[in-house]
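Listed next: structures, encoded as structure tokens.
Look for chain A in each of the two complexes below; its partner is chain B in the first and chain C in the second.
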Partner chain A sequence: MTDAVVIVLREVLEAMLLICMLMASSTAMGYRFRWMGLALLFGVFGATAYALRLEQISMAFEGFGQEIVNSTLLIAIAVMLAAHNYLAVKQLYNPRYKVPYGLFLLVFVGTVSMAMTREGAEIYLYGYSYGVLAGNMSAVFSGGAIGVGIGLSIGTFFYYALKSLARNKRLVTCCVVSLILAAGMMGQAALYLSQADLMPSQGALWDTSNVFAESSLMGELLHAAIGYEASPSLTQVLLYLGSVLTSLAAMFAAWFLYRKPESGEVGEAR
Partner chain B sequence: MKMNGNLTTGRSFFARALQVLLLTLLCSAAWAQIPVFEIEIREHLFFPAEFEIPANQKVKLIIYNRDATPEEFESYELNREKVIVGNSQGVVFIGPLKPGEYPFFGEFNLKTALGKIIVK
Partner chain C sequence: MASIRLFLTFTLIAIIVLVSFLSSLRGYRESMSEAETLFDMQLQEHAKLLSLISPSTNTSGAAKLLEELVLPQQSDLELSAESLIAYQVFDDQGRLVMRSVVAPSAAMSPLEVGYSDRNFSGYRWRVLVVHNPDAQRWVMAAQRVDVRYELAESVILEAVIPTVLSIPLAALLIWFIVGYGLRPIEQLAQAVRSREVSDLSAVRLDNVPRELTPLTLSTNDLLRRLQSSFNREKRFAADAAHELRTPISILKVQVHNLLEEMAAPSASLQELQLSIDAMGHLVEQILVLNRMSPDQYMVQFQPVDLYKLAQEVISSEYEPILEREQHFDLEGGSATIRGDGTALRSLISNLVANASKYSPVHARIRMRIAQRGTRVSLLVEDSGPGIPLDYRERVFDRFYRLDGDRHASGVGGSGLGLAIVKHIVEMHGADISLSSSKELGGLCVSIQFDAVQNKQDHKGRLS
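For the complex of A and B:
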């Protein structure tokens, strides 16, 4: 049962932080949570489809289908999060602007359903083969429920912490969280790409496993929150930094295009 | 005239260097044998649970899952994770690594599926 708790919690944690950040951000953007229904629906569908097709997917691309699908999902999520940051900053500097509903749905539903597809597939696979097929339903599912429960309570805490901030502060904080989560995703994408030998792999640049072991609770939390790796390779670090720069560039572009606050208007009025 | 001569030798030198570089790259890609190591998963255990690989070299790891249940090959130290569905196999590239010990585990059987790669 403890296995199930750990496995489910590990998968749920990262997705939960992402979902709660986006929920807080959507309140700041003036949208209700109806998008969540759609995202959950797509996410569950995606996870089930991915799990059921995993064998064929794994065999595709010379045995590296899994790595290609996972890294594609991760990169797509990171790009969507950069788009989120662009839209958030645009709204921040342009109080009359509201993100069009279609675009909002694309970014928010897209991000959450892709994250759920990746994490959910593993939970499905584990629950189905070790719970349903092995006739070990009660242990696996109660363990899983505890894992989801812990994840949900951390998520709820995180959501209300964000929600307690004033709208503008909340948007900015969400952008920062989104930037960090996206970077963590890109770090993981680098892992999959090196694993498939599609990107160069090197020895660890540094090793902080004696400070926070990745297998420790703190390590797992840091991994979910900031994409912590105790012994990252150069490729991982470069993609991580690349993602940070992309998100910053998206925010800077929005700021540059839409700032013109009072000073500009005063200038024009004269 | 002199300048012209210099230019041609310069160019042919460059062309030759490029040729040599390309050939070396091609040869190394074609001839450099990436060592292959195989592990089996049986009854949620790894066989061999411990093995040696050469240091500072890329290594191809083939993991055969002989169980009917899926397993996730995972290692924090190697920065690797891959799900291998029941009765199938998966390939993972690792390294180049510094000498040392690199533990790995099966995420779906945290208590039994444990192993270690020793890099020498």
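For the complex of A and C:
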């Protein structure tokens, strides 16, 4: 049961941090949660389709289909998050600007549905293989429910913590969270690409598994929150830092283009 | 925080989930550890018991099977084969004396006293080795690790599953209880929301919770001060206007006498007379406005034929129109609304006077009264200069005059005419709008009343 808790919690927490950050950001951008319905619909559909077609996907690309699809989804989410940061900073420094609804839907629904597709498929597969096929239904059900419950609860507190911030501070915090989540995803994408031999595999730059083992509860929580890897390769570290710099560049571009000419101060909350 | 109820429900459920699930996890781990100890103790008991059984020394070289010694048939065992404990008994020379069916022929563990985990027969086993020096026997008892784990987990999950399943029920209860707890806030909001605009009396709620008492008291205090302030303002305006009536009347008489006495009245004296007339008009308008205040004017509305009323008003106030040689048309037909005759008379009178006053000589003025379905419309149009779009809201303010005292028309006014009109319109629950007249080019005032539909509607009721 503990395995089920840890595995499900890691996936749910990763998705919840992303979803709650986007929910808080959408309130700061002046949009309600109607987009969530669409995102959940696409996410559930995507996760089911991915899980049901996993065999075909795995066999594609000379047996590296799953790694390639996963890395593609992760990179796409990271790009969407960079776009989110650009739009958030643009709205922050240009009080008269409101992100057009179509663009808002594309970024927010796209990000959440892709994240749910990946995380949902992994939960589905774990539940199916260890629960249904291995006959551990009650353990997987209990562990999964506990993992989902803890993940949703942490997400709830995270959302209300963000929501308690004033609009401008909320947007800035969302950008920082988005930047860290995107970097973690790029680190994971690098791992998948290395497994698919699309990137060079190198030795670990450092090893902190004696401090926080990746399989420990703390290791899993840190992995979900900041993309923690106990022994990352040079490629992973480079992609992680590259993602941080890309997001920062997007935010800087928005600030540079839309700041008030007379001052670089953050605009007052409306 | 968009909704207190959602916030409380979600955070309370989150707290319950976190506390109960983390406790369950902790309990699960502790219970699993305890179960391990119990299974170890079970192994120990079995090993001790076996060490007391002392079959004859294996001289034949073939170990006896334990089940053959103790149990006649395998089917007599109630436990499944998987859960059975494997046994081996060795003599001090290391020869296998006896073993259970599930135990291998080779030693499951080296002859070292204590617990250890070993791999054999395709599984991982927990093995206990016990030495009985008196009987010169080594006894080994072993259990499959996966079977121990599954047995322990199946028992412990029986305690965890109800906790997981009870969360949706708890969530439902929290939703309703939080809603129930917040009901007084909703009641307070409803009590304030459902009031008439003019109702500034204290909010009264039964069983106000302690947390809401300061808010209720503050609201009531605010309403009381607001009411007192309104009353003071109204009393002052009404009293001042009323007190001014007498001296103005005396002034009018005195000026009139002066004009009569003087053979050639001076221009200044004539100006003085006009100013006194304007002041008198202003005072009358203030009194009318005060009388129209809802608290002063709780009357029983009656069906009123607006067209007939307009005919009466126009005939009595036609003189200024004639003086300015203006052309007045009254169109339409009988249209009955529910209202107060005096107030509606004042409304029509003000509209006609406004149209005449602010339109040039020879201008055209048209009044149309018509019923369309459930609505009765009253339109007053003129060929005057109209009112620019930006000022159409402000002209309803009290004492507001377009361009102030330097009104382009050059005519005097109190700035209260349209304020009175709007007041009467609101009193009757009607709508008023200002626009440009398409046909005459000047101002078009449009008022939409609810028509009286049937006999039942004719019955008077309190406004």
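Throughout what follows, the second predicted complex is superposed on the first by the 249 of 270 C-alpha atoms of A that agree within 3 Å, B and C clash if a C-alpha of one lies under 4 Å from a C-alpha of the other, contacts with A are read in each partner's own complex, and residues count from 1 in each chain.
Keep in mind that, in the parts below, a contact is a pair of C-beta atoms (placed from the backbone, for glycine too) under 8 Å apart; a residue touches a chain by one contact, two chains touch by 3 or more.
Here the structure is a predicted model, which means the values were calculated and not measured.
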| item | value |
| --- | --- |
| Clash or fit (per the criteria above) of chain B with chain C on chain A | fit |
| Partner chain(s) touched by A:Ser142 [first = chain B, second = chain C, both, neither] | second |
| In the superposition, chain B vs chain C on chain A residues touched | B |
| Which of chain B and chain C A:Val5 touches, first, second, both or neither | second |
| Partner chain(s) touched by A:Ser216 [first = chain B, second = chain C, both, neither] | neither |
| Touching partner for A:Phe157 - first (chain B), second (chain C), both, neither | second |
| Touched partner set for A:Glu55, first chain B, second chain C, both or neither | first |
| First (chain B), second (chain C), both or neither touched by A:Tyr130 | first |
| Touching partner for A:Asn168 - first (chain B), second (chain C), both, neither | neither |
| Overlay on chain A, chain C to chain B nearest C-alpha distance, Å | 8 |
| Contacts on chain A seen with chain B and repeated with chain C across the two complexes | none |
| Residue ranges of chain B touching chain A (in the complex, touch as defined) | 56, 58, 68-70, 72, 76-77, 79-86, 88-98, 107-111 |
| Chain A residues within the chain B interface of the complex | 3, 6-7, 54-55, 58-59, 63-64, 66-67, 122, 125-126, 129-130, 133-134, 191, 194-197, 201-204, 209, 213-215, 229-233, 236 |
| Chain C to chain A touching residues, read off their complex | 1, 7, 10-11, 13-15, 17-18, 21-22, 24-25, 28-29, 153-154, 157, 160-161, 164, 167 |
| Contact set on chain A toward chain C in their complex | 1-2, 5, 138-139, 141-142, 145-146, 149-150, 152-154, 156-157, 160, 163-164 |
